[in-house]
Amino acid sequence: MIEESTVVAFADIQVGDGGVLLAAGPCSVESEEQIIRTAHLVREAGANMLRGGAFKPRTSPYSFQGLEAEGLKLLAKARQETGLPIVTEVLSPEDLDLVAEYADLLQVGARNMQNFPLLKKLGQIDRPVLLKRGMMCTVKETLMSAEYILSGGNSSVVLCERGIRTFEDATRNTLDLSAVSLLKEWSHLPVIVDPTHGTGYKSLIQPMCKAAIAAGADGLMVEVHPRPEEALSDGFQSLLPYEFEEVVNQIRPYLELEGKQIHHA
Amino acid sequence: MIEESTVVAFADIQVGDGGVLLAAGPCSVESEEQIIRTAHLVREAGANMLRGGAFKPRTSPYSFQGLEAEGLKLLAKARQETGLPIVTEVLSPEDLDLVAEYADLLQVGARNMQNFPLLKKLGQIDRPVLLKRGMMCTVKETLMSAEYILSGGNSSVVLCERGIRTFEDATRNTLDLSAVSLLKEWSHLPVIVDPTHGTGYKSLIQPMCKAAIAAGADGLMVEVHPRPEEALSDGFQSLLPYEFEEVVNQIRPYLELEGKQIHHA
Amino acid sequence: MIEESTVVAFADIQVGDGGVLLAAGPCSVESEEQIIRTAHLVREAGANMLRGGAFKPRTSPYSFQGLEAEGLKLLAKARQETGLPIVTEVLSPEDLDLVAEYADLLQVGARNMQNFPLLKKLGQIDRPVLLKRGMMCTVKETLMSAEYILSGGNSSVVLCERGIRTFEDATRNTLDLSAVSLLKEWSHLPVIVDPTHGTGYKSLIQPMCKAAIAAGADGLMVEVHPRPEEALSDGFQSLLPYEFEEVVNQIRPYLELEGKQIHHA
Amino acid sequence: MIEESTVVAFADIQVGDGGVLLAAGPCSVESEEQIIRTAHLVREAGANMLRGGAFKPRTSPYSFQGLEAEGLKLLAKARQETGLPIVTEVLSPEDLDLVAEYADLLQVGARNMQNFPLLKKLGQIDRPVLLKRGMMCTVKETLMSAEYILSGGNSSVVLCERGIRTFEDATRNTLDLSAVSLLKEWSHLPVIVDPTHGTGYKSLIQPMCKAAIAAGADGLMVEVHPRPEEALSDGFQSLLPYEFEEVVNQIRPYLELEGKQIHHA
């Protein structure tokens, strides 16, 4: 067991050592109205961070690729209006300076967990990083990827379990909650859980949020969209704002049992 | 969502609809002293059922194969001394009548989840069945295997998630807690979790027990051995009795949050 | 490398050490006309063994479960008419004596590779066994299961690679041809390949048959049905007799390169 | 079935439509002496391309990361001395121009198969690309990643199967030869196989090379090192030059059966 836990702090929020990250928002930033409205709604529901993708890693080149720089500006606007800090994905070392101008927390997606040039560059900047576990990466490999960032000099890394690929086809991925406990045992870093990608199945998000907290997670990241049926990506797995609020209410007693709390900016 | 939950009842214990199964004991029955002592210890720690294998499915023919009929008698003796009902595995249709003479709950192991002749015969007897998910079986296949028993006329089936095989090698299997929530959503049957085989890693058992309850599980099955270093099988993953007691104490507030309780015989 | 290879012999056929098993036929025995017609057709196409299921391990209790004893009699009739020896599956120790009355080669299916009571009983009879690798089982576990039969006193075991479960969803399973080479390196037993279940995809059967021979396989087992669209099971992956003949013609030069030949009864 | 096959051509070599790529060389470029000596040896053994990593994607930041720009220069020197064209990996869009100055064929490694910014940039240059299947990626996703390059305007893409992650632990990965046949059926692109990473097991390389050709592969990529025990990476799975020559001799009759030949620059 690690004696001292690392606390990753930004915008008056502390993640780790009792502090909980609760990030919510759409898969993709789609329009000013969409992201600002969602930001207000998730803030009211209890989130302390807004998530939203501007640069999107899509399997097909013919799918919506994100609003890119324009999306970052809209996220900044949503932050200004609501006070919520923002987490968004960076796909490439070439975009890092641009994304770091806007993001409070820089997300490395599952497909980039072993994008070593990106990790090395993240080790050299002064901005916290959210490192998602690759869908085919082991717990040990996840820690080795974190080590690329830490050994470069950036000590603010939050890990994220988001499901791994298995033979099971009822869910989009298999959420590996034992990895959360193991990452907490083997490292000093905060660990959060993304049950939306972890299951791809709306009715599983609430029980998996509770189970993640019980397994020791320091936070959650949940996809929320005000009109999922119109979403340009991942609508099928996005919660409505009132459903997200229900999730937040459900997890509060579990956080209390674990002696943890959601700080707000 | 299923309107009515099935309650599986035996020996004054009810599993499902708020009733919790807490089975504990050694991987294998090894001697009279071992099983009776363990039975007393897990009962004091809070278990309401004794587990112990008499017929053991071992990968190698040169490994300890269990005490077989003699093991069943020792389990019965432990039940008589402690009042704890017993769950033990049946490997073959040929042994079913013998095992059913002794067991309060008949366990079908992961390797036999698709042993259809065994399932068919279990459908025709009047004794509850604990059906463990195969380590490479989907949630849907698990329900189809339960259907073999149910459609045969035996409506007392408890399902058990015990980890699936994946590429992750830090744990023995990958415990799939989303399967627990999904089995609860798609069926009316009680679902328990075996974190011992699910992780094969002692320090993960406590957090996974808490997470299982938070995910909706109706019970737990945990390997406990008074001297794990001398166990003839699975010693590396067995808890000591005082460690198990600690687990029971840790899960109590989670059970309370879920409105569930451990009945005792 | 093992110095001496085991040759499994029956009905004038030798499998191993240059001798090739080429088993073909329907997934299930469905009627006298179906099995006898198929037997003639696969014999003419070059097969030296007839396959056909009488006891069927089906995921759902509501699917066709096989003709059972009646199916065995029809297989015997097909053997009498064509001279082809027969391979058919045994699901349970209780059925072993019955199935062994009819089968020249007793098949243990993938779901039963770790059905240890069945394996133990197969170790005590005087009849060759075809042991299929479980879809969840490692190469080492496959050899341990063979050891149950061998250590019981039955030295006639043929191993069969038939695909394992992975995340890939374009194929029914992932055919692991490196397992064939590894089983040949680590043991003295003949190894055959079932590309029908291994891929579940008709157009892959021909290239995988060629690749299996190139990887060192001592034989093949292929599903063939005269009217796949009417098959009671697995029609989608069954070859038509003329397609199977094409496969046989395609593999002949590869067998020659490997110095192997198909014996006929 | 695709009517017309794409032929990827460079340095008098044609890959696809009967033309075979046979790339061999060390995992990493380590020194001038090492790479030039290896180039001579693999050329004499029958290779028509030299492989060697200058930018290395290593799991741990503390492992050897490659000679980078210096490694590229040594590869060019080896090409000058032997006439062998070179394939080497590009890890990042930022390095693409530099690597493209030296490489005849630009390799995208398994960990970067879904590095979409890199793929997009590769679509805009005039240099052939070797796209390795991700160890976590389906056949369909592999084709979607190729589509990123093709739709950008670069039509010279060679695909490479190199094993996927499964539960099997006897091999480093599970080589999926059915994916080779499927990629050939579903696309017009040439497909090669890397049995070194696909198995991580020296004695499997020869049978898997033969099986790959039998499955329809248009080439092979094999790790060869003159002193594997001194290699800075992957020594355990590298063939000695004379072992590689033996592999080449073994596959020649299989290439002949398939009507394919190895062109030389």
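Chains: A, B, C and D, in written order; residue numbering restarts at 1 for each.
In this section, a contact is a pair of C-beta atoms (placed from the backbone, for glycine too) under 8 Å apart; a residue touches a chain by one contact, two chains touch by 3 or more.
In this text, all values refer to a predicted model and were calculated from it rather than measured experimentally.
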Relative to chain D, chain with the most remote C-alpha centre: B
Averaged-CA centre spacing for the pair chain D and chain C, given as whole angstrom: 35
Gap in Å, rounded to a whole number, between the CA centres of chain C and chain A: 48
Residues of chain D whose C-beta touches two or more other chains: 136, 165-167, 169
Overall pattern in which the protein chains touch one another (line/ring/star/complete/other): complete
Touching residues on chain A, where the partner in the complex is chain B: 136, 138-140, 164, 166-171, 174-182, 185, 198-199, 201, 203-204, 207-208, 210-216, 253-254, 257
Complex contact set, residues of chain D against chain A: 57-62, 91-95, 111-112, 114-118, 120, 134-136, 141, 144-145, 147-148, 151-152, 165
Interface residues, chain C side, partner chain A - complex: 165-167, 169
